[in-house]
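In order of appearance the chains are A, B, C, D and E, and numbering begins at 1 in each one.
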Amino acid sequence: MNWHRFASPSNFKRLSARIFPWAAGGAALCLGCGLYQALLVSPPDYQQGQSVRIMYIHVPAAWMAMFVYANLALAGAATLVWRHPLAEVAGRAMAPIGAAFTFLCLATGSLWGKPMWGTWWEWDARLTSVLILFFVYLAYMALNNAFDDATRGARASAVLALVGAVNLPIIKFSVDWWNTLHQPASVMRLDGPAIHPSMLWPLLAMGVGYTLLFVVLALVRIQAELIERRLGALVQARLSAEPAA
Amino acid sequence: MNAAFALIARDVRLAWRHPNEIATILAFFVIAASLFPFGIGPEPQILARVAIGIVWVTALLACLMSLDRLFQAEVEDGSLDLLVTAPAPLELLALAKVVAQWITTALPLIVISPIVATMLHLPADGYATLLLTLVLGTPGLSLFGGIGAALSVNARRGGALLALIVLPLTVPILIFAVAAVDAAIAGLSPRPHLFLLAGLSVFALTIAPFAMAASLRQAAE
Amino acid sequence: MNAAFALIARDVRLAWRHPNEIATILAFFVIAASLFPFGIGPEPQILARVAIGIVWVTALLACLMSLDRLFQAEVEDGSLDLLVTAPAPLELLALAKVVAQWITTALPLIVISPIVATMLHLPADGYATLLLTLVLGTPGLSLFGGIGAALSVNARRGGALLALIVLPLTVPILIFAVAAVDAAIAGLSPRPHLFLLAGLSVFALTIAPFAMAASLRQAAE
Amino acid sequence: MIGRASFEAHDLACLRGGRIVFRQLEFRVDAGGLLVLRGANGAGKSSLLRMMAGLIGPAHGALLWNGDDIADDPDAHRARTSYAGHSDALKPALTVAEHLSFHAKLRGQAADKIAAALDAFALTKFADLPARLLSQGQRKRVALARLIAAPAPLWLLDEPTNGLDADSTARLETAIAAHRETGGIVVAATHLDFAGADAVTLTLGERKAA
Amino acid sequence: MIGRASFEAHDLACLRGGRIVFRQLEFRVDAGGLLVLRGANGAGKSSLLRMMAGLIGPAHGALLWNGDDIADDPDAHRARTSYAGHSDALKPALTVAEHLSFHAKLRGQAADKIAAALDAFALTKFADLPARLLSQGQRKRVALARLIAAPAPLWLLDEPTNGLDADSTARLETAIAAHRETGGIVVAATHLDFAGADAVTLTLGERKAA
């Protein structure tokens, strides 16, 4: 398959124009239905009571934190291997979104932890590894912005994204490898979900909704970044063109 | 290989000609660690509980301070061009620079760490394991730090950026090292933690040369 | 005077040219401070006892990291010659560089320190005093650090003095600051400690410009 | 020593900071040849030399050694290239002799040409002086002495006479002539007159070339 | 603008690293004069210029401005001296215009000659470019433009033509001539031919002088 075909800026623009309305509509629909189901329709938990509703925000946010990071690492690999500008732009565009999802996961987890575990924050393996993920996102953004030359920033942060990818399995399996306060996976399991359908469906709707939201935000940011780059190149060309001797 | 050894020898010699740089880092280590008795109060049992953590965190931060200029100095005086255009693999040369940094910074830290541990009333059972964790863990610190140093070459605010990159990568090393010493003090076996620590350093060793070389090639463009 | 303001403006512009740089140094502070719980263990009561120490050590470290290159960078690119041959007093220009460093490093740290203190469970009674100690103490840190930075530029003469004199000079600042916050938490008056802290910063202010100018003139020879 | 060799560029273009510095550049130098790069400040001489050294990749086109793209075998190209850029790459604390012997070892060669290298640039009496005590021209001479301390067929020199006195410039010219006699190739950027038999001059930044 | 002035040395000696670089040095330049320093690498040209700038003290003898020892009133001497050394003193992140206006303010002058300074060295196009994007010669031109941005009677130039192309060298010569016309004094170290009407040449490191 020839990826470069999609990767040229003009093809990307056409492709994204086609995807955009569907993704935006889908996101609105999924998030609307999911939130309605989650907050009003689905039953309160027999152990956790109403506070279980945080789950519908928290769990998909946690999935997205990891999913976006995986995309970031892929974009990083593409940046380094094919040196494609679109991969650079994509990484730059996705990082703040991923950081926001990670922050959402941390914040809702922390809110949930108070009633459940009696503490806002605990230095437990799952929580700590997500905090590290957040820090890696911050480092990625700082590094990406730390150079005058956008390409240099993109390549440097791509290396960091790849190195930081080891954190993903640690987050995913921390609950299995160590004794954690945090509960182990019940949806994303090899032997099928162990959760009641009345909770599963709204959760999955939220998951799809978040994913589409991510697609929408990423497309918008990539477009903006492409325009900014073109402007920057024009300005620089005007400034530095020295008359030939 | 010879090129790498020559580079190690040169960097060690350079550090030796400016012994005050090593002295500064060691002084920082001792002073930072000896500050904590003031903050915590002199009760030995509380001090003992935090001793390992303090030794390790200050060691990490001291290591970080010395990494700041590892590659930046080479860029500024033009030496990086010579390293990148040398016929030896850049991966090997970058690794050699990290090895030299480890010899000149981490090794002295390891040597004086028992003194700092004594100041902080580390229980006697913990010393051997503390030294072991330092020996096994500091190579990982230096290697991850080397990645950060290579990535932040020519960056604005290089020092703080370096810390931002390196600290999250090195947190696992810190956690396992502290867990190992804790286990030893509690009379348990520190072995599983030590294995994980060694594993992290080996992991760092497998990726760091490539990550550093890739970043340095970009920096030389 | 105008020359000094121009220098402050230039250095602040160099450091803050892009807003993400402030974010970088703040993130560094937060990450460095949150390293300690990894090492010390998460028990809130122990964290609370070391919280002030951690905030202050991290502030010292951030200060040291940014001071490291304060004058060295000027020497390496030749700017020091222009500063020394400018018709403004060198004492004033050296002071201006320290002021700029304080604005770009210490000030953001002070602003964000309450957040770090919260992460570390600092008792509520300590916040106001912590901020006061930072406001009164960090100028002293920057000034003593500036002396060290100027001395270490002149590697031949007294680089080792940096380790032997300047770092110990900053220890009293740390001790009084921590003592002041401890007193406030214990319900005692932090005033005597705060006076001592202010006294140290004033002392630093009276000697640092001359010490820095003297070493810089030597470095420019 | 080196035998027949050729170094050429085909349709070469250079992009820096998103701007085209030069394009459609062509040249060819054969064993024993000297290529002098000329052009106004900012014309791209240094960029071209860094490209020849493999430090930056061409935006378009290729550089060929004996007909093979240098990007195909970067290791071999690095082994045959000696680059002396604008900066001297000296460590203030190391002595002149230490710099040269480190450089030889770095390039995988025996440190047996140090004495010859010192002699070629009249540095013998500074051999044990740390670089921080050297004057500007003396520093530049140390940088150039590296070329002799670790021989390589292709010399890339960026304004090598900057800061040199007349005597040192003559010594450089002697070194270049000797290198060319053994079949070596020299590419040098300069704003000055550069003595060299049948040198090829490539002027960057002229309308035709751009 | 400056009126009658004279700059002279009496029995001057320079010690560096415990070694005598030159001694018994004598010269005199009057308002509008150009003193060209020559001599082999390491002869002491840069050392003499740094001494003239007040950066290093004479080991013996004195430098006199209008007959007064410059060491007696270093503040006044710094106010009248503009020194452009080997290094460019550029900050990679600052633009060309920012460098010049900072320099004017640092020297206590109004930042109103920036445009003229940019124009004098053909830097107007680069005014808003950060220094890290400049080529070697462009950097040197920024360093020289400082002389115009913050005028001072005495110019001390250490190999000012290093790295400059022919056009820029001509611009520097124009600037020097204009400065001398207003009564300014210029001291320049160089290894090249330096155009300047009735320049006085001082050759360092010759047997007679040493």
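Everything that follows uses one rule, which is that a contact is a pair of C-beta atoms (placed from the backbone, for glycine too) under 8 Å apart; a residue touches a chain by one contact, two chains touch by 3 or more.
Predicted model only: the values in this text are computed from it and were never measured.
Engineer: Ranked by contacting C-beta pairs, which pair of chains comes out on top?
Structural biologist: B-C
Engineer: Most remote chain relative to chain A, going by C-alpha centroids?
Structural biologist: Taking each chain's C-alpha mean as its centre, the farthest from chain A is E.
Engineer: Averaging over Cα atoms per chain, report the distance between chain A and chain B in Å.
Structural biologist: So the centre of chain A lies 31 Å away from the centre of chain B.
Engineer: List the centre-to-centre spacing of chain A and chain D in whole Å, with centres computed as mean CA coordinates.
Structural biologist: Taking the average C-alpha coordinate of chain A and of chain D, the gap between them is 48 Å.
Engineer: Could you give the separation in Å between the centres of chain C and chain E, each centre being the mean of its C-alpha atoms?
Structural biologist: So the centroids are 37 Å from each other.
Engineer: Would you kindly tell me how far, in whole Å, the mean C-alpha position of chain D lies from that of chain C?
Structural biologist: 45
Engineer: For chain B, give me the residues that contact two or more of the other chains.
Structural biologist: Those would be 18, 154, 156-157, 161, 164, 167-168, 171, 175, 221.
Engineer: At least two other chains touched by the same residue of chain D: list those residues.
Structural biologist: Residues 17, 39-40, 42, 86.
Engineer: Quick one: which residues in chain A touch 2 or more of the other chains?
Structural biologist: Where chain A meets two or more other chains at a single residue, that happens at 128, 135, 138-139, 142, 146, 240-242, 245.
Engineer: Where on chain C is chain A touching in the complex?
Structural biologist: It is residues 18, 20, 23-24, 27, 31, 34, 37-38, 41-42, 119 of chain C that touch chain A.
Engineer: Report the residues of chain D in contact with chain B in the complex, numbered from low to high.
Structural biologist: Per the touch definition, chain D meets chain B at residues 50, 53-56, 75, 78-79, 81, 83, 85-91, 93-94, 98, 102-103, 105-108, 146.
Engineer: For the complex, give me every residue of chain D touching chain E.
Structural biologist: Interface residues on the chain D side: 16-17, 39-42, 46, 86, 133-138, 141, 158-159, 162-169, 191-192.
Engineer: Within their complex, state which residues of chain C touch chain E.
Structural biologist: Touching chain E from chain C are residues 2-3, 5-7, 9-10, 13-14, 17, 77-79, 81-89, 220-221.
Engineer: Using the touch rule from the top, collect the residues of chain B that touch chain A in their complex.
Structural biologist: 147, 151-152, 154-157, 161, 164-165, 167-169, 171-172, 175, 203, 207, 211, 214-215, 218-219, 221
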